[in-house]
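Here's the structure, in structure tokens; my notes come after.
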Amino acid sequence: MPIDFLAIAPEIALAVTALVVLAADLSLRGSAKQLVNPLAAIGTLVALYFVARLWGDERTTFAGTFVIDSFALAFKALFLLVLLAVLGISWRFFAEGRYFQGEYYFLLVTAFIGMLLMPSARDLLLLFVALETVSVPAFVMVGLRKRDLYSSEAALKFFLIGVLSVALMLLGMSFVYGFTGVTGLDAIAAAIGGLVAAGTVEPLLLAAVLLIIVGFGFKISAVPFHFWAPDTYAGSPMPVTAMLAVASKAAGFAGLAIVSFIAFQPLADVWAPILGVVAIITMTVGNLGALQQRDLIRLLAFSSVAQAGYILLPFGVARGGSGMLDAAVNAGAFRAVLFYLAAYAVMNIGAFGVAIGVSRRTGLRAIGDYAGLGARSPMLAAAMTVFMLSLGGAPLTVGLWAKFAILEALTVDVTTFGLVLAGALVINSVIAFFYYLKVIRLMWMVEPAADAPALQPGANLTLVVASLAAATLVLGVLPGLLSDATSIVTFAAVR
Amino acid sequence: MTEPSLLIQSAWLIPALPLASAAAIAAFGRRLPWHGAEIGIGAILTSLLIAIAIAWETFTTVDPAPYEAAYAWSPLGGGFVLELGMLIDGLTAMMFLLVTLVSSMVQIYSREYMHGEKRFTYYYAMLSLFTFSMLFLVIANNTLQAVVGWELVGLCSFLLIGFYWEDKSNQDAANKAFLTTKFGDVGLIVGVIVLSAGMFGLTDTPFNFLQTIDAAVAGELSTATIVLGMLLIFVGCISKSGQMPLHVWLPDAMAGPTPVSALIHAATMVTAGVFLLARLFPVLAQSATVMAVIAVVGVITLFFGGLLALVQDDIKKILAYSTISQLGYMVAAIGVGGYTASVFHLFTHGFFKALLFLGAGSLIHAVHSNNISDMGGLRRFMPHTFWTFTIGSLALAGFPLTAGFFSKDEILVAGDLWAVNGFATGTAVYWVGLAAAFVTTFYMARAWFLIFMGEHRGAGHADAHGHDAHDDDARTRTTRTTHDAHDDHADHGAHHADPHESGRQITVPLMILAVLSIAVGLIGSPFAQEKPNFESWTSTTVIAETTYPFLAEYAAAGTGIAAAAAEPSAKILHGPPTWHLDLLLIVLVVFSSAVALAWRFYGRGLPAQDPMMRMGGLTRVLVAKYGFDSFGYRFIVVPVRDRMSAWATRISNDVIDGAVAGIGTTTMRLARTTYTVVDQRIIDGGVNGAAFSAAWWSARLRRIQSGDVQRYAGALVAGVILLVLAFVAVR
Amino acid sequence: MDPNTAGWVLIAALALPLVGAALMLLLPNDDEERIKRFAVLVTGVSFALVTAMTVAFDYSRSGELQFVTNVAWIDAINARFHLGIDGISLPLFFLSFLLPFLSAIYTTKHLPEPGKPKAFLGLMLLLQTGMAGTFVAFDLILFFIFFELVLVPMFFMIGMWGGPRREYASVKFFLYTLFGSIFMLVSFLAVYFQSGLRSWDIVELSNASMIGSTTFQTWAFLGMFLGFAIKVPMWPFHTWLPDAHTEAPTVGSVLLAGVLLKIGTYGFIRIALPILPEGALRFAPVIGVLAVIGIIYGSLCCLAQTDIKRLIAFSSVGHMGFVMLGIAAMNEAGIQAALFGNIAHGVITGMLFFLAGSLHDRYHTRDMNIIGGGMLMKIPRYGVLLTYVSVASLGLPGLAGFWGEFGAMWAAINPGLGLADSYGGLYLGLVIFAAIGTVLTAGYFLWMLQRVNLGTPPEKWANEELADVTRIEWIAWTPLLVLVLALGIFPRLVFGVQDAAVTVLLRSMGG
Amino acid sequence: MTGLDLIFAVVGLITAAAAIKTVTSTNLVHAALFLAVTLAGIAGVFLVLSADFLALVQLVVYVGAVAVLFLFGLMLTRAPIGREALDSDHRGLALGVSGALFVLLSGLIIAAFGDVRVDTVGGPRTADIGLALFRDWVLPFEVLSMLLLAALVGAIVLSRREDGESGEVEDVTRILLADDPDLDGVDDADASADGAAGEVRA
Amino acid sequence: MSLVGPLLLATLLFSVGVYGLIARRNAVLVLISVELMLNAVNINLVAFQNLLFPTDVSASGHMFALFIIGVAAAEVGVGLAIVFNLFRNRASVDVDRVDAMRW
């Protein structure tokens, strides 16, 4: 069985990049080490090129365990763009912080290999390995601020909760294997479909499904698997936090989407309501948690928990049947997830970018430190305003369309539960604005402290933030640019 | 009238001119030599000329059809159209004449009376605006347009009552007037709406007067619509035309300048309610209920309103209460089918009451006091005012051959006829009307004696008698002299000098009105039995051959209505007035006895120890003596004056006023409670509470986020267990 | 400008303020006068354009959409960029260009603290686009965007240039409106899917046969109801309004009262009613009752105020109650009255807020007890204006306030769509209570005038030099003062324009 | 109960007991050694289940490498000895949660597989595994190699002393501490600029 | 041979691992507990493969177990590195004192 190398070209490109970065780091000295950043960016662009090259294709290789379809490609493109953005906000940060730069970039790129694999994986084993490839480098990256107690603690917490989750997921996978005898997602779906049809679905199988969801629940920081997130976000180097909050979360959702909409689709009538409830709890806990934060990063952490709740909502209306309407509802659901993730990536990385800009050379990160930012750095404040409004879902920002996509998915077929979920989203959106507006208010409506140090965000960070803000607004006016891409997304050859 | 004359087609000029004049005065009146008065007077005189011409034309045309012209003012949705139109018939022409004439007199009069007033220009603008509004109400061809005018006159009244707005009491009076009438307007507006709703299927112009009348007469309006609609409209009339119990604003409205009282609160605006009832008479004539309610309210008002005048010391208050009483006559007349009588009384009353008010103004101008106890002997100082005021008083008292005599007689006759139809309200109007005529004569005679007879008591004497008067009725002092504040700039010595006659600009209007107070009675009197007479003039819209529909029903039901079938009274219109010598006799007796009684008390001026003006046991003993002493009426009159009027005063002051004040207080309390408790605490508090509870939950959550990773792990696994259980449960 | 083809007019009108705001960013910060003049220029030019459009509008076909643009926008969700204007939209659209223009003129001399004209005027221009857009958007999504767009600039206007409690007020305003609007969005989506048309087009959806079951319509209407009712605001969703109004800078209050609140009622009329007639029918009595509660309640709250601006704010609750009563009547007359009331309230209350703002500029307080009366003596022209506008606001015939109030009551006596049969008695009661509300309304305005205007000035102000109405104020206010009178005398200015469009609307409701 | 079951029972009991001792032992080194026993026991279980290749891998990787790694870890971190020192305050929580988990899963397992009995125990032989690894599972295998490399690099980065690493003085980081319970949102945040809420840590 | 035996053993080991993860204070012992959990999964996989699906040519169960062993090794390595780093920063590896960050 020949291997379709083009199909995995993006991953290969990243792997090569990772190795080149590692090698370059060894050969570069002093400040020249920061050149690995553009090197990694070039590799990313190459990978992106391959994704573009593949765009529209549907391919299957590695005995059906690896699939290229529009869903996978869309996610890959998203991950690679996020990687570029993360590289953008990392450059100064790591160059000035005297970290192990080369190793950082190597780990970063490796983690993204795992992410690229995730949406293509059609096998539990590959999925597991891909997930771990995301996690293990991330454990290290969180701890990269080595002399910082917070960083070490953050790493330990992240690690422990991470392995606990993965262990639970593996337990679930083992049971699924026990029931079906296969690890391929399509095969599992077929087997479970048979069980459902025969009416012999054991409770243990349901428990196993749930345990698998736990593994992804950890990645996406759904309640009650979210505890690590605020502490870890706060302790990590900020670009890593951005990566965790966006890319890692997106990878988790990609994985969750494929297991739930492919492997466990026949059981959707069971897991969907549970996920719906989890979504409600997640966003509520996230928003309530964010309300009282005094550290902007922690605020963003809780906000990202809440956002995860929003993204999880469409899972709540997934259908187990195979009728036209069921298919439409399910397709609407994972498209909404994808759209939201893309939008979320833009605005959240932007927000972290501003946070990095503000804290650069000043170390400011308390929300109170943002008082009067509008006067101190109008550009950063304006960008932050855009991101905050977008995260909240204000009009003319992409965030509104993201919320819209979710609501759309919830109402494709009007059901009571769908409306309950929509109502929960509405109420939470309002709660969320409490703290987003708090930041905005502080920036514009409060005088800066007299001794507030001058901000030096740096040129390339400014560029990244500005372009993300611009993207937020442009997509806010013309969401079609994004939704046209996501609306065609579908899974290739489901069975 | 086949082709309306150009004159009638130009009737719209009558309201238009005052409107233009109001705008012009406001725009540049201040810069003119007469500070705007010339514009106002010029415009109103022009209007008056047109009004006279139209009156003449409509009067001389025998049985003219009403002329209607309308412009589609605005679509209202649903295909309905609101018209801006004019309905010219005798009633309109009559009102034109009355309004323009009185307004002309008042405006001429005011130039001297208000001279030196700092808001002189504003005053004239307001007078013009008021005149326009009143004429706009009168010319209206539909109820909604009438409502517009109705509200506008209310506003002008408000602005003019509060003319001296520096004083809080005047502000309060203005507010009270506006709000009380506004309350009545609720009825009016809802009534108009109800009535128009009845027209929905019938026409595109549901507010149109003539169409409404036609529909009502043709039986196309349901009884419910008519009863509800007309009663609600009548509520508006109650407040506007000072009927009990919403009359309370009218005495207070005397806070305005006296010419304003003459124009607005005596001759024109307050008659708007009666006018509207007359306009819709064929509609309300469809329902015995409506007529009965109207009659009862009118009767109560005409009697008790009159009683209240007995104990007043303020000349303007006496006149105000008499206005209430006279309006009661008009309303009662409507209620007993006396359409022509009511309108006629409206007409004559307009002249003589305007005359009396302007005369009172002249007196006040001279003695710088409103109180009759401060006057006395003025006939020597002010001869013109004296004789004109005397004519006015005679007309008000219904002295034979004055205008007031004919019109009031008509009302009593109408009551009698209605009684013949078997309605007790007719009997009540007749007898209570007579009794009130006695009261009217008595209080006017009292005032007349105290003002003109005896010795001048002057400002120096005012204090001596002042407090007696005030003990009688504390309320009379409230507005005393305040409206003459403008004289303060004048020579201070004037207060102590003898009073002098007013200038020509004051006396000439008085004379004109005095002449008219006698003359206008003739056209409605038995002297004018041939057409054209007052009835043929003003009843063109009221269909002559129409009968009261309910009479036949009552007869069929055998409810004891004697002459339902062939009696002329069964028709809406009674036909030309005739002589009633018996009534004439009774009226003469009533008049002379009342005057005699007044002469007995006040003929020699206000004595130093006036038994009449003192409260307490002594007064009652003296009164009781008189009661046993002479004429047969006296044993009724004295207790009535002392007891019943005091009782009525208390009702008026304490109960009704108290209720009004109580409503005010309660409203304010309710307002405060609504705001502080309901709005700020419950509704807003609920919203904020939701926010706070979010914060509260947020604080609880914070405990869970302890920072201890092993607890996190425990919670995670516990969560998993719970979720598994939930999974299994869902299954 | 051919109304059939010139779709660019609406686009240009909406784009001009945006472009102006962008260009303004390029002006130097320190030349404040130039920035202010530029804002006047931008608003003036766009107002002139809209005026020209108003002239070119084909009034004989006011029931049809004119100046239409209808192009694909977001294909993925079938959303289209559909603009158009008909008789219902025209007056509101006009108003949303007039008021910013006047506000810009006013701001040249009355820039609220803490200055920053570029930001302030830029936000105002952004706000203008949002407000105006809602009235010409004929795609639900586009409507929603404009609907939401106004939130942000208004939030900043209140939050940055507002009074002492501005932060509280701004957040409250934002969250309240947001809350409702997202429910509204959910309803839009439900309609989108349930209709089977996969279309957001307001015209198409209005003309569609019954969308969903009655139950569905009821629930969907509830969502829209929340969105619009909060915006209106109806009792008991009104509590954001007094705070927002009280704290907002003068221009903010003017625009808030003048245009923003109209979006809610417009939404009811343009969207909720025709698209969900069954739901509307179910809700009509509720709306009616809440409206009348609002009338009485708003007036009572007004009576309890000492802050003149807050009083005016609460008066909005009452006035919008009349507008909603008109809507609750579900007949042509009611819709007409509601739309008229909308416009009238915009003009009158906008003007009142101008006056309240200037009052504060002069006295540095809005507490009527501290002002203590005598203003008519101290600054007579100003006092006359206050009287004039107050009297208009209390619904005096001949001025703008009357027609909406009377029309609403008149319409409610005979509600449409069969409501008269099932709820005739209720509606009669509503009319009576609404009429009583007019008395209370008169009461608080007279009381306000008495406390502010009449009497003699207290010592505190006796020797204070207070400017009477200034030249710039005259310029900014005269159009509104004229409109107050003109609408009162020529109600057909609005009624006539709307008539055909309302007929079309009612027909789509099956009325 | 076949002989295989009996053998499994014996091996299983040893493994379970060792596992329990691993997490309850008060002596660090003992705990690590019990872990080794447990892991070896698992290898035994594999053997019983006739998965000989995996048993071998288990022994090599776990007992040979991982257990030793842990011993080193324990030594290097100079851990104290004794129950108080080794167990945290969460024993109750731990017991409850793990007990519940065990009961729940056991119940579900018995319900699902309680009646499954197999006569012959077979499975892929080593050759099959090798073939499958490079036929079906080559992609995860390669990815795993990247993962291991990353883990290696990561472990080095974290453990390596200095050289290119930042010095003892870190960037100034302001982190808000939790000992400020009266934080009620909006208003306090405004005041936080005064530094009371922030703590500058060197 | 009965399937439940290995499955229950695996469950027990897993639960014991969970217990250790939560109850142990020393970070290294916590890591050890993690290993127990991962190994428990392996027992499951092998038991399923060899008892239920012995003829699966892809040898999914065994392969899964192999990969888990590999990944577990990587995780142990990283985990110990994290613990060492923490130890260097604080001279303690007590997990329950890792609470510098909360709320």
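The chains carry the letters A, B, C, D and E, assigned in the order they are written, with residues numbered from 1 in each.
The rule is simple: a residue touches a chain if its C-beta (ideal position, glycine included) is under 8 Å from a C-beta of that chain, and two chains touch if they have at least 3 such contacts.
As the structure is a computational prediction, the values presented were derived from the model and not from experiment.
Trainee: Could you tell me which chains make contact with chain A and chain E both?
Mentor: Chains that touch both chain A and chain E, as defined above, are B, D.
Trainee: Using the touch rule from the top, point out the two chains with the most contacting C-beta pairs.
Mentor: After counting contacts between each pair of chains, the winner is D-E.
Trainee: When you average C-alpha coordinates per chain, which one falls nearest the overall C-alpha average? Tell me, please.
Mentor: Taking the mean of C-alpha atoms per chain, the most central one is C.
Trainee: Taking each chain's centre as its mean C-alpha position, how far apart are chain B and chain D in Å?
Mentor: Result: the chain centres lie 97 Å from each other.
Trainee: Any idea how many Å lie between the Cα centroids of chain C and chain E?
Mentor: Each chain reduced to its C-alpha mean, chain C and chain E end up 64 Å apart.
Trainee: Distance from the CA centroid of chain D to that of chain E, rounded to the nearest Å?
Mentor: 3
Trainee: Can you list every residue of chain D that touches 2 or more other chains, as numbers and ranges?
Mentor: If we look for residues of chain D contacting two or more partner chains, we find 88, 90, 93-94, 97-98, 101, 104-105, 108-109, 113, 136-137, 140, 144, 147, 150-151, 154-158, 175, 178, 184-186.
Trainee: For chain B, write out the residues touching at least two other chains, lowest number first.
Mentor: 695, 698-699, 702, 705, 707-711, 713-714, 717-718, 720, 724, 728
Trainee: Which positions in chain E are in touch with at least two other chains?
Mentor: Those would be 7, 14, 17-18, 21-23, 27, 30, 47, 49, 52, 56, 58, 61, 63, 67, 71, 74-75, 78, 81-83, 85, 95-96, 98-103.
Trainee: What is the complete set of touching chain pairs?
Mentor: A-B, A-C, A-D, A-E, B-C, B-D, B-E, D-E
Trainee: Which stretch or stretches of chain B touch chain C in the complex?
Mentor: 72-80, 82, 144, 147-149, 151-152, 155, 158, 162, 165-168, 171-172, 174-175, 178-179, 182-183, 185-186, 189-190, 193-194, 196-197, 200, 667-668, 670-672, 674-676, 678-679, 683-684, 687
Trainee: In the complex formed with chain E, which residues of chain D make contact?
Mentor: Of all residues in chain D, those touching chain E are 2, 4-5, 8-9, 12, 15-16, 19-20, 22-23, 28, 31-32, 35, 38-39, 42, 45-46, 49-51, 53-54, 57-58, 61-62, 65-66, 69-70, 73-74, 76-77, 79, 85-91, 93-95, 97-99, 101-102, 105-106, 109-110, 113-114, 116-124, 128-129, 132-133, 136-137, 140, 144, 147-148, 150-152, 154-159, 175, 178.
Trainee: Give every residue of chain A touching chain B within the complex, in rising order.
Mentor: 156-157, 160-161, 164-165, 168, 201, 203, 206-207, 209-211, 214, 223-225, 227-228, 230-231, 270-271, 273-274, 277-278, 285, 288-289, 291-292, 431, 434
Trainee: What residues on chain E touch chain B, complex-wise?
Mentor: So the residues of chain E in touch with chain B come to 18, 21-23, 30, 95-96, 98-103.
Trainee: Spell out the part of chain A that touches chain C in their complex, as residue ranges.
Mentor: Spelled out, the residues of chain A in touch with chain C are 389, 392-396, 400, 403-404, 407-408, 410-414, 419, 422-423, 425-427, 429-430, 433-434, 437, 441, 444-445, 478-480, 483-484, 486-487.
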